[in-house]
Structures are given as C-alpha cells and as structure tokens.
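Here come two complexes built around chain A, the first alongside chain B, the second alongside chain C.
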Partner chain A sequence: MRSPSPSLLGLVGRAALGALVLVAVVGPLLSLGLWSVAERWHWPAPFPQQVGMKYWSRMLQGDPLRALTRGVTIASVTTVLALAMAVPVAYLAARRRLPAGPLALALFILPQAFPQLPVFASATVLFYRWNLAGTVPGVVLIHLVGGLVYAVWTLTAAFRSIGPELEEAAQNLGASTTRTFFRVTLPLAMPGVVASAILVFLHSLDEFNGTLLVGAPYVTTLPVYMYTASLGYELQIASVTALVLMVPGVVLLLLLERFLRAEYLAFFGHL
Partner chain B sequence: MNRWERWGWTLAALPAVLVLLVTFGLPLAQSLAASFVRDGRPTLENYALVYRLYRQDVLYTLGVAAAGVLLTFACGIHLAGYFRLRAWPWVEFLLKVPLFVPFVVTGHAMRVFLQPSGTLSLALGALGLVAPGTRLGLGEGWLGLVLALTWKHLALVVLLLVGAFRAVDDSYLEAAQGFGAGYLRQTWAVLVPMSATPLALACVLTLTSMLGSFSIPLLMSRGSGPQMLMIDLYYRFGQHGDFGVASALGVISYVLASGAVYAYLRSVAR
Partner chain C sequence: MEVRVEGLVKRYGRVLALAGVNHVFPSGALTAVVGPSGCGKTTLLRVLAGFVQPEEGRVWMDGRDVTGVPPQARRCALVFQNYALWPHMTVFDNVAFGLRLQRLPASEVERRVRETLALVELDRVPGIERRRPKELSGGQQQRVALARALAVRPGLLLLDEPLSNLDAKVRQRVRGEIRTLQRRTGITTVYVTHDQEEALSIADDLVVMDGGRIVQSGRPEEVYAHPEDPFVAEFLGSTNVLNGTVGPDGRILPSSEGRLLFRAEDTAVWPAGQSLPPDYAWAPAEVVDCLFLGHVYRAYVRLGDTVVLADTKARVGPGQVVVAVPRDRLLIFSGSEPAARR
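On to the complex of A and B.
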C-alpha cells in the first residue's frame, strides 16, 4: 500500500496520540507503583514524602503470602482438572464426533455470555447446602466454570489445526483412535495445550467474583485480599498486591506476544 | 473409532459436562425459579420489590453501559482505523496491556488514579493544569465508572477491530485514497461498513460485559447514590440474605444480556 506522505498536522497528531495513549494506559498503573512504595504520602504533595520497600517486604510474609500460595495451589489444581476434563470434549468436538454436538458445545459457551454474579450467587446457595461453601474444593469448582470454557475452546482450536491426514496414516498402519491420539495428535497439539494451561491458570489466579461469594469467609486468594485491603484504605498493601497480580499477565504479554493467536488473546479480555 | 472406543471417549467427556451442569446450569435454573418464589409461595413480589427499590439503578446501569460502549467504540474505531492505515506497533502493543490487567486490579488502580485526592488530581495540580490542591471528583460518580470500564474494555475492542480492519483488502483503501479520502474518510466510509458484522459482535459483547460488571464498580463506588445492578445484587444477597430479590435482579440482567447469548449461540451454530 502506498504510504501517505507525512504532513506536519499528521506528525503532530501522531505525537499527540502516542502521548495520550501512553498517559492513559500507563498513568493508572504508575499510580499503583507509586502507592506501593509510598511509606508516607500526605495529600496534596505530588510525590510521597517517604519511599521504601516496607510494604513490598510485608508481601512476603503472613496473610498476603498465605493468600498467594493458596491461590497458586487452587490455580494448579484447577488447571490440571480443567485440562484433563476438557481434552476428551475438545477432541470429540474438533473431529465433530461429540454426541448432541451443538447442544453440548452451547453449554461450554453460555457461561461466557451470561452475567456471572447472579449465577455464582445461586451456586453459593447450593454449595452451602452441600457443605462446599468456604472450602477450597468449592472455590476450585467455581473456578472450573471459566476454566473449562477456556480450555475446551482453546483445545478444540488446537486439535482442529492438526489435519486428519497424519491420524489417518497412523490408523492405516493399524493404530487405534486412542493410540493415535496419544502418540500423534496430542504431541503435535502440545503448544496449544500449553497455551490453554496458561490461560486457565491465569483465569483461576485472577478470579474474583466467584471466589468472593463461594470462598467467604475462609478461603482468601490474592484478588480477595487486595479487595479487602483497598476497601479498608490500606492503599499501599492493596497496590503491592495489585502489582503482584499483574505480573504473570504482563510477563506473558511481553514473552509470548508473537505466539499468542488473536483468538487466545480475546479470552484474556474476560479475566 | 470402534464402538468400545466411542463409548470410552464419550464417557471421558462426561465429567466436564457434569461439572458445568452442577456449577452453572443448575444455579442458573435455580435463580430463575427463585425469582418467582417468596416465602415459599409462587409470586411476582420479588419483581415488584425490584421495581420499587431498584428501577433507578436499572436505568443507571443501562446509562453507564451505553456511555461506556459509546466511548469505547468512539476511541476504538479511530485507533483501529489508524493502526490499519498507518502501522504503529508499539502503541498497538501498549493498548493491549489492559487485556492482562484483571478487572479487580483495574478497579483498584482507577480508584487510586481517579478519586478526588487521587494521583490524577495530584499530577494535574503539579503540572499547573489545575490549581494545586484541587480535588477532581472524577472517580466517584458515573463518569469515573465509564472511564474505568472503557480503559479495561478498549484493549479487547481494538484487538477485535484491528483484526477485522486488516481483513479488508488494500485495493478498497487505495481506491478511496485515489479519490482523496484521508484517514477519517477511509475509516468511516470503507473500514467500518466493511466490518459491520464483527463490529456489531464486539459491540454486543462489550455492552453485556459492562452491564454485568461487578468488581470495577465495587471498588470505585462510594456507597451512596445510584448503583450498578450487580452491586445491588451483591448486597441484597450478601447483607440482606434476600435470595429472591437478588435472583429477580439476576434475571433482569439475563434479559439485558440476551443479545450476547444470541450472538454466542450463533457462533457455535456456525
């Protein structure tokens, strides 16, 4: 395409646009950074009077550390369970062999479309009846709602991108479908499986709505901890926690930007 | 795939379906049913209470979501059109960052940034753009909420729109350029009409997400004045223990989200 000749107006506009995007995107995140190191900040000074790592070091002990390790444990269990359960569904869907196909797949997309909170509130009522409210298994179950949806869709895309020719070749040599799947299809789909696992893990680590309702009052993960701190005007603690919560996602964006396909990225919008 | 394998695979697929039925399907059905029951009797009283107590909040929620969608797409269309016509990778990358910032973190960041004594007031005061010590009241009302929701949703909208705009063939844009169309004309007269379907889809998804937003308003609201629907639902459920009215609020949000349900189901049917 013919590149337009740069006019003065165009260049000024371009610079203004770049500056505006920079301020709008980075500004709120920079405030978090400032608050996280502000040991003393009295209004209306534009900068903290005293900066230090006091609140960061507090992150490494006591309640926040417990919330972090508990969140990582829950996310790990959720990821393993979601992937193990989603692989058969995704493979059958990719090969169009899912019984009651469209109906079953609809079940795996509707949680994305409905507002989460009323459904989770209703699930909390059920979980109370089943003694799952306020327990780690209850929180894992609620994280599996989003986790299964993400896993099924990313894995279906991954399996579908592997053409049936290789599978047919293996089957012509006498391998069963199941053997072919484990020896041919699954290894080839490994990049997609890894992307799916990362997505489910991040979803669980960042999940707030369900954890707040189902986990209360005994299961506190990092997002719930951050919410409590922010509402209690412990802005430093909340800001440190917020930055810690952002780390995995931003690292992923920096490392994998080129490898993450647009349809995976679209899922992150729902975190 | 022989008969035994077919049975085996179907059996292996069953747990995922069962888990979603128990954690999503059953609660959804229960909330629909509970919205029509009060004190053990079938009734419309929950809806009457919603009308009496929350009708302003329903309108407020619709207004905030509509304003958010307008602002998001006013920015998103122009940005995506700009990136399509004049590539600018690092700004495009920068705009993707909020995609990876969880909703609840966005809520807290915007609270710190926009509240009256927040960092935006301080920065503008330090730069001399407002009198030092001015407390801008952006963060606590509807405008702050709209700005925060836009900040979070713009990333996904730009991502979807850039994808759609890149699918438009260069020859159309070159033809428009030949007639002297500039950036704005090319965006609005070529790119937007040729991407009508993905644009409408992105619009419906953004609207639903904003209508159902919970953690951002939860962290930004000051507890008085009109509230978003999900905040009402949370307090009705958590503090009043009134599952009936909470469910009625939920059913209203399902109805408002029906556009997204339709769009998603159509994408499955394809």
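On to the complex of A and C.
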C-alpha cells in the first residue's frame, strides 16, 4: 500500500493559482483599502504617512451619500419598471404565444449586440430633443435598455422551466387564466423573478456610460461620482466610493447564487 | 355523466392524431382507452378535458354539446401522467384548490379535503396534509393527484397513464385501488393507458385505438376473445402471427394468401408422432428455448422461418415437436399486409 503523495507539479500549480488570486483580487482590494484611509501619502513612501477616516466620514455625509441614495432610487425604479414590462413579454415568449416570438426576443438583446457608446450617444441626442437629458427619468430609460435584456431572458427561462401541465391542472379545476397565473405560474417563477430583479438592480447601480452621457451634469450616481473624483486626483474619494459600491454588488451576488439556476443561464441567448 | 363523441378529427401538422372518432362512454362506467404510443388516445383525453379543440366533430356530455366549452366549465377532472402537483403548495392546499375556487366556506373546504384524503386512504399517514408533494413517495403523490381531482366531485374523471410512473409492485396495488374507488364513487371514468394488461383488467368498457381511430370497442372479455381486426388480435395478449393457411387435414401450411393469429396460452406443444385430435390445427416444429415465467413455461418454437410462443404447464425440451392450436382459437385473416392500419 502506498499513500498518495501530493505531486510536486500539483503543489506548484496550486501555489501559482494562489498567487494569481492574490495579485488579481486581493491586491487591488488592499490597494483600494489603503487609499481609502490614506490622509497623506507622498511618493516614494511604500505606505501612507498619515492614516485616518477623514474620507470615510466625508463619504457618509456629503455628496457621495447623495449619489448613493440617488443611484439606489434609480435602480429601484428601473427594476420595478423592467420587471413590469418583462414579466408579460417573457411569459408569452416562454409559452410560444408571443407574436413573431424569436424576432421579438431578439429585439431585447439587440442593444447589447452593438457597441454601447454609439447607441447611448445617439440616444442622448434624442433625449435632449425630448427634454429628458439630465433628468432622472432619462437615466432610468437608459438603464432600462440593458436591464430589460437581463430581465426578459432570465424570466423567459424561468417561465419555460414550469411545465404547462401545472397550469392546465389549475384550469382543469376551474381556475381562470389570470388566477392560474397568479396562484400557480408566478409563485413557481419567483426564484427567476428575484434573480432577474437582482441582475437589473445591479446593472442599474453600476451603469456608467449611459448615466454619464444622459445624466450629466444634474444626475450623479455613485459610479459617475467616482469617475469625477478620480479625474480630480482625489484617489481617496474614488477608493471609498469603489468600496462602498462593492457592498451591494457582493451581497446581491451572494443572494443571486441562491436564486439563479443553471437552467436559466443555459437558456440565455436561445431563441 | 354520459359522454358521447362524434366524428372527432384533429391534426398536428401532418400527423392525424384523431381521424374520425365516434364513441359513447357509458355513464358510471370505467372506459379504458388503450393503444400504442401515437395512436391518439391522449389527444382524445385532452379533447374531453377541453384542452384540445377538435377540427371536426362534437363532444356531448349528458346530452349537452360542450365542444366549445373551455376546460374551466366542463366538470372534468384530469389526473396527469406526471401528477402535476403544485410543488409550492402543501398537500392540503393542492386538494383544496378546486374547492376554494367554488367559494365554499373554510370549514366545508376542510371537511371535504379530509373526506377525500380518507377516500384515497391517505388519512392513515399522520400530518400528510401539511407536507409538500416533493416529500411524498410516488404512490402517495399519485393518491394526492387523485384526491385533488375527486375533491371537486367531477362529472367525468380522466386518467392519463396514471400508473406509468410507479414501479411494478405499487402499480398492481394502485390499479386495484383505482378500480375499487371508481366502483364506490360511480364517477364516469376514462382511463388512458398503453398497457393492454392494465386496460383489460380494469375496464368495464374497452376501446382499442390505432392510427387515430377506434379499431374495436366492447367488453374486455369480448374484445380479447373475438378481435375483429388483426391489429387488435396482435395488440392484446401474447399473440403469434404466421403467414399461412390451414389445410384440409388440419396442417398449417406456409402461404402468403392468409395470416393466422393465435395466442401463446392457446398453443399446445406435443411430442412429435403423437396422434392428433381432429379439431386442432397443427404443424411440425422445433423447440429452440423454454423460459420459466413463474406461473407457466414459455416455449419458443421454430415453425418454418417464424418463432412462435407457446405457454405450457411443464418444461419442454429442445427438439422436434408438434405445435397445435384448437381450431376455434385460431383467427384467420386473408392477405398478409402489416397489422397496423394507417
């Protein structure tokens, strides 16, 4: 009997992987963390000369907090609107009752197929004409472009994974189509609804290109704030913002893991 | 509830699922619809439930034309092949669903749910009404599906392959229970299955379908003993098919003119050289194999270039024998075209 000994190659591989994770994930995070507490840090010192929570406290009272609450508001509105539009479309698509089904679905993935900047830039021109530029509704609209893609596709997969016989069983016992949808279909699709809500919310919260083009200078969300801060060489503010911006992302992504099923993703992009 | 269908036609693309189906499902009886997959039996069931609209023909229930009536208003309860229990509801809520739609008071709903659970003998499992379908065995899920259908006291009970997801032992038992339950409640029932043994054992009225048509119907004993069609003869029981005719001396002769059909249980295997009674058709043959099935031995006997099955009381050894079939158990059809009429 020989006990299996870890091969040298395996050990080296594992060490390399660890180093990669360290460089790619932990490194930037540490650097962000350091910058967020650096009150004075002049070259060539390897560490900040003065450490403190000045920028964190500034974050929690001034403009950044306003940007955060505004971003959350916009993301919430976008999520509600996207779901309200995507649920019926996705349900009809899943049951193959959407007029020109595959074509209509393709419509929802089209904006993602083109380079985003030109799409947003031409949208901005339109928004100026319609007096939507620099307004919250304008930013919500531009966030819906991407948000609807996530919502429609995830929800179509969610509805498609519900056997039609579960609905037929309800109709067979006398339930109307509407009641069947609200008592059987929608509760069963809830994991998919939650998953797509998270995706849309995160998309809106982190969206930058469209927000800057349409919203500036009146509507400032956190990513836009971070951008302006780093342009002004306020690396501390940018770092604090980045760290704050990561919190909802990480929390929601952990939640997402519970709700997003493999079959929803497997369906993504199938017409 | 007496159910009558007239001239039902339904196509799926080019496939003719129903090619003019006429039948009267007698009130209070259990009608088994049996046939190979794709014969149209499930489509017929879905037409009765109202989920499929026939292109031609009419459906009558107790003399009322219900052809265009939506499934919600038909008083038909369908038990689905995979049960279609709602996984997000408890057993109680599943069974109560139809009752709550009827806006019965909560106490009445509760009473009826318990009564129905008792009817399908689920009341012996303590606390089952609070469990979810996923926590139940296949047999229990089947009973919940039955209870959900029966709770609304339907005029017509439709069962779509109700036993196909159960294992063999449970299947035998549940089959008997469904039969007893149907007798006790007297609900007109249509039972769709591909299993001919199941259909024969459970039916008051047997309907054999093939290629979108009803090929034969009647009491199961009658249909089994007197098939009017080679397809029915072949489909029911273990049936041998030989291309041949019977000569004047009773000897079976190979021929392309006719087809002889006879069942394994009617086929005797005798030692070669034995004198033959006059009312038998016979042929010299060779035993290739003999399997023990428990209640009989099944001999595989080569007759010309065909192997026929014969059920015998004792093991028959390999070698030369005579295969004999009583004349009145022999079905003779002219021509040798394939049995299925499509």
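By our rule, the second predicted complex is superposed on the first by the 246 of 271 C-alpha atoms of A that agree within 3 Å, B and C clash if a C-alpha of one lies under 4 Å from a C-alpha of the other, contacts with A are read in each partner's own complex, and residues count from 1 in each chain.
Convention: contacts are C-beta pairs under 8 Å (C-beta built on N, C-alpha and C of every residue); 3 or more make two chains touch, one makes a residue touch a chain.
These numbers come from a predicted model, not from an experiment.
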First, second, both or neither for A:E168, with chain B first and chain C second: second
Partner chain in contact with A:V184 - chain B first, chain C second, else both or neither: second
More chain A residues in contact - chain B or chain C: B
Which of chain B and chain C A:Y227 touches, first, second, both or neither: first
Touching partner for A:S176 - first (chain B), second (chain C), both, neither: both
Which of chain B and chain C A:W153 touches, first, second, both or neither: neither
Footprint overlap on chain A, comparing chain B with chain C: 176
Partner chain A, residues of chain B touching it in the complex: 1-2, 5-6, 8-10, 12-13, 15-17, 19-28, 30-31, 34, 79, 82, 85-86, 88, 91, 93-113, 117-123, 125-126, 132-133, 151, 153, 155-156, 159-160, 163, 170, 173-174, 177, 208-209, 211-212, 214-215, 218-219, 230, 233-234, 237-238, 243, 246-247, 249-251, 253-254, 257, 260-261, 263-265, 267-269
Touching residues on chain A, where the partner in the complex is chain B: 1-4, 14, 17-18, 21-22, 24-32, 34-35, 43-46, 85-86, 88-89, 91-92, 97-99, 102, 104-126, 141-142, 144-145, 148, 152, 176-178, 206, 208-209, 213, 223, 226-227, 230-231, 235, 238-239, 242, 245-246, 249-250, 252-253, 257, 262, 265-266, 268-271
Chain C - residues contacting chain A, complex: 49, 51, 70-73, 76-78, 80, 82, 84-88, 97-98, 101-102, 148-149, 152
Complex contacts: residues of chain A adjacent to chain C: 163, 165-166, 168-176, 179, 183-184, 187-188
